[in-house]
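Below you will find the structure I want to go over with you.
For clarity, chains are labelled A, B, C and D in written order, and residue numbers in each chain start from 1.
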């Protein structure tokens, strides 16, 4: 009954196999090896972007912060949703890497950024010369921190607003695969064809050990990114081991397969929760995360039975037993069906 | 004939095995797992430092820059040797992470920092209030970038100068194991007992895939380090896979064994070079690196035969065939004896 | 009819006289002169704070940003009101000087920060270790950007919340004099006695040419402030000319006299506006600024007649003539009574 | 006998008069006033650069650090002379404003940067991709910190090297006027015609209260400079008082007149020193500063008699009475002839 996070699960065996296979003899360091070339080519093919620049890093925070630093000036406003990982969960990494840009939260439903709210937020920034921060990049999360997704049209709507003001669009795709398989379109359609300039393409939450690819659809920005990556301590000397993971991830569509498994596990769990009659979904579970509430009493039972997940709102102590508390449940590719069954069984007991 | 760098070689099989073993089921993220606890305990035992704080990161640049940022103020002078990795090879990472500290090169022999020169350099900084940068941390590399080492007395001599001015001492131990087995003392004797406050304890160049441990002998500094690590994008969510590498590294003294192999390979190669009568060592090869010069003509032959190493001074073209050019040769734990033999054979041909 | 800003008015003649008198012969640079000593002593006396450290700078942005940088870590949340100058009008200076802290807007009435909202905002920040930014300093503006003030009890209420969490309190007193003469208490009562740790004590908006004093009631923080000031390019070599202004400002209570004049001018104008029956105050005019709305038609008339002020909400074009638009009117010590009369006369025409 | 610094002297009366005259009624803030327009036009005329952008700031450190930040990337090497003010006397302001660039000292005679040494220093930086900092702007001081100057040909020689590598050239002209009147050429010839891209045009050390103009001969860079100025807290609200000083400085060539006076005072003092037979010039006194050495015994006499200047090398105590110690003597426009006479008289006593 492990639903704490998609970073607590194991690495997929084919990824480990790839690491073992990559460990043959010598290979040039810092990304000059064959495996890196192959992973780059594969990513370009998957995204139908033969010119795109690809840079691998090991953490999502690095991918996002380096991307935003490349797109923003130190005096930029960076428009993000209120619950964005860059705003809430990176200890100010974007501020650090950009040299002090200001994140401006934009409202929206279900963890998404609303295109109209974005336009209003951009218009509200600096009309007076140099006194305020200057309009800068827009960043959205796909899937969002609330487990919802943007369809390609929704991405395009955000991109259209950004383009109206000449602002670049970044996508934090820590759970890109989960969003993509739900959206039912191509990787290109959900990114550059919809107007995304730079994508943090996540792997770590979907079966890798620790690799994210930053895809810069405009390769002009790549040199700056590479300098920032090195200077940020994020350029790996034994780079082949990042590349090997990414190559295995893309091979035979493993990434899509793993995302589908995670989403299906979330779907089944969400349906089961609703079927108990005691739980209510806060948002539709569109990716691999469920936000739902049910009585404090049932949370108590679940934790006592060893279930692992986060209370997103409320605490176990300090209120009536029937009061609803919001939980976050995350499924990953390895979530076993019987874990959901055992979890749901607690509702009946 | 692969002597380009100790980061081009493979990962030791026992390290890969450890990754596979670590991949069992779920584990809490961000370092709250059992493997991290075990690796920390093991490092404390190895360094006889039960109170020390241990933080794992994936690159040497991260280890060094985060360490210096924790020890320095933005307005600090950071005293380092002229050839230090932090000065020459990190694209300004220390300046970035510290918020703009100034690295002050200090002279010395063989890549080392001279204690007297350090005292002079410290005395030369800011005697006039706020006009110049302020005296800050001292950092030395063990082994140095020129393949020499500091014995415990030499470390203590540097530390004594730093202490005279109340300045902390950092050690960049990217090749700490290679230095230690040559110095023939205990890890504690080469570090905190000699006056080192913070150690970047390298693993990547000695058989790991990508793990360095920062050991803060004064755990008071750990909280700041941890915040900087997170903010720098260097806190791994699937942290167990860093810990598993480090644990395997320390288990049964694998780290010492690998370092001895690398040093022995370097020793044999150095002796062989001298024996050719055509090569001359620039510095004694005390760790796993050799700096030596021999005629341009011979370099040409070696490269033609497929040898891989860096010309440290001079270029293949543009001078007399008999002119000496300096090479850097690096051995690692996996350097096969016959590679050295084939390399040396080129001198006779 | 000049009500654009209190930085468009002239310098008080006694301040200019002081500059001329200060221009006698030689004086040591960088604040080691007699005038600086005298101004410091005078500020300490005025604030009944004999131990306080005093640092002069030339702009309000420098005073605020250097203060916050001294109180915050790069990974801090800085709690400010939504309309704070540091948030809206300094082009990210606090983010720059702190090394990337995150400003967290806190709600409240009339441009003030509400103590309860502050507590909620602090509680909402980081309960999870290192993932989010860490709770840091609180900053309030006295008077606020909406022309209201905090009485000493209101300052104390904010300070009490900050103290509950061990957080320091900064006051942006760009219009401190205007607030003080309205509050009717002593400088000490409105600052350190109420719990303020660091004050940006403004002079530029109240008759000086360009001087603000940062008063650090805890002098322990002064050394860091001084280094940041120098490093920020804000330490003046001919420092006596900053000190001379500040000394003249405090001499014979000139600062209080000028603030009273400005406030009285604002009072009269506010009363006159209300009396027209066409204008409505958005907030009570407690300092030297008025926020009021009246019909677009009247704005048009006023601008045509040469009145100078900012439309704070709405634009001259694009709506019905009777629609109310909000204006900001600022009075300073030099605002002539007849300007208000002429201004008000436009309402009748 | 006041020779401590050219920032300890008084402001020229015509500058004070200009401040008084500027204090008439209202003027728009932040540089939108008529005086700023006039000062800008005058500077463009003086420099025969009708397109140049002009930005006023109040300190030399601000002028230099903002200029370098505009020209450099955070990962840049900034090439400067070993004794440059930016390297030695600004508490790391360039590092702070650039976001962590690395200052690379270049050798030369008499405080100048040698063109050949510059070429070598540039060539020595980063030939290996992203591992080291990247080649960035060159900055020279005119006059130098050792009281020597670059003639236009010498500036052009430096500029030619910079241009070979596509690097911009900044000139720290804190004592530009002193250098110019000695060089005997036009302001344009000593700057943009010789290849200077951005000039910090000093006024504070030559009779102003606190104003430096940054002249960007390529106005494309101006917008970034202005944002950095605001964000750095260096944009003055009552900007007319900076402009008034600068206008007075240029009016009727006051700036050249004051520089000539300072240089003449230095010339006479230097000649007098040599004539004593006890003093020896360390460098030719080409601007308004003298570096000379004479016996410790005579220093003792001079200080006892109330002379004010800095010992640049050596200390009063701790050596033989006849040992030579180096002094720095600075003259400014107000240095009275009899001060030099009284100073020299101590040598005979």
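As a working rule, a residue touches a chain if its C-beta (ideal position, glycine included) is under 8 Å from a C-beta of that chain, and two chains touch if they have at least 3 such contacts.
Note that this is a predicted model, so its numbers are computed, not measured.
J.: Identify the chain pair with more contacting C-beta pairs: A-C or A-D.
T.: A-C
J.: Based on mean C-alpha positions, I'd like to know which chain lies farthest from subunit A.
T.: Most remote chain from subunit A, centroid-wise, comes out as D.
J.: From the C-alpha centre of subunit A to that of subunit B, how far is it in Å?
T.: 34
J.: How many angstrom lie between the centres of subunit A and subunit C, each centre taken as the mean Cα position?
T.: Distance between chain centres: 42 Å.
J.: What whole-number Å value describes the gap between the mean CA coordinates of subunit A and subunit D?
T.: 51
J.: In subunit B, which residues are in touch with two or more of the other chains?
T.: Residue numbers touching two or more other chains: 74-75, 90-92, 96, 99, 130-131, 134, 227, 230-231, 235.
J.: Show which residues of subunit C lie in contact with subunit B when the two form their complex.
T.: Within the complex, subunit C contacts subunit B at residues 30, 73-75, 99, 129-131, 134, 226-231, 235.
J.: So in the complex, which bits of subunit A are touching subunit B?
T.: 2, 4-5, 7-11, 13, 16, 19-20, 23-29, 57-63, 65-66, 90-93, 96-97, 204-205, 209-210, 227, 230-238, 241, 308
J.: Can you list the residues on subunit C that touch subunit A in the complex?
T.: Per the stated touch rule, the residues are 74-75, 88-92, 95-96, 98-103, 130-134.
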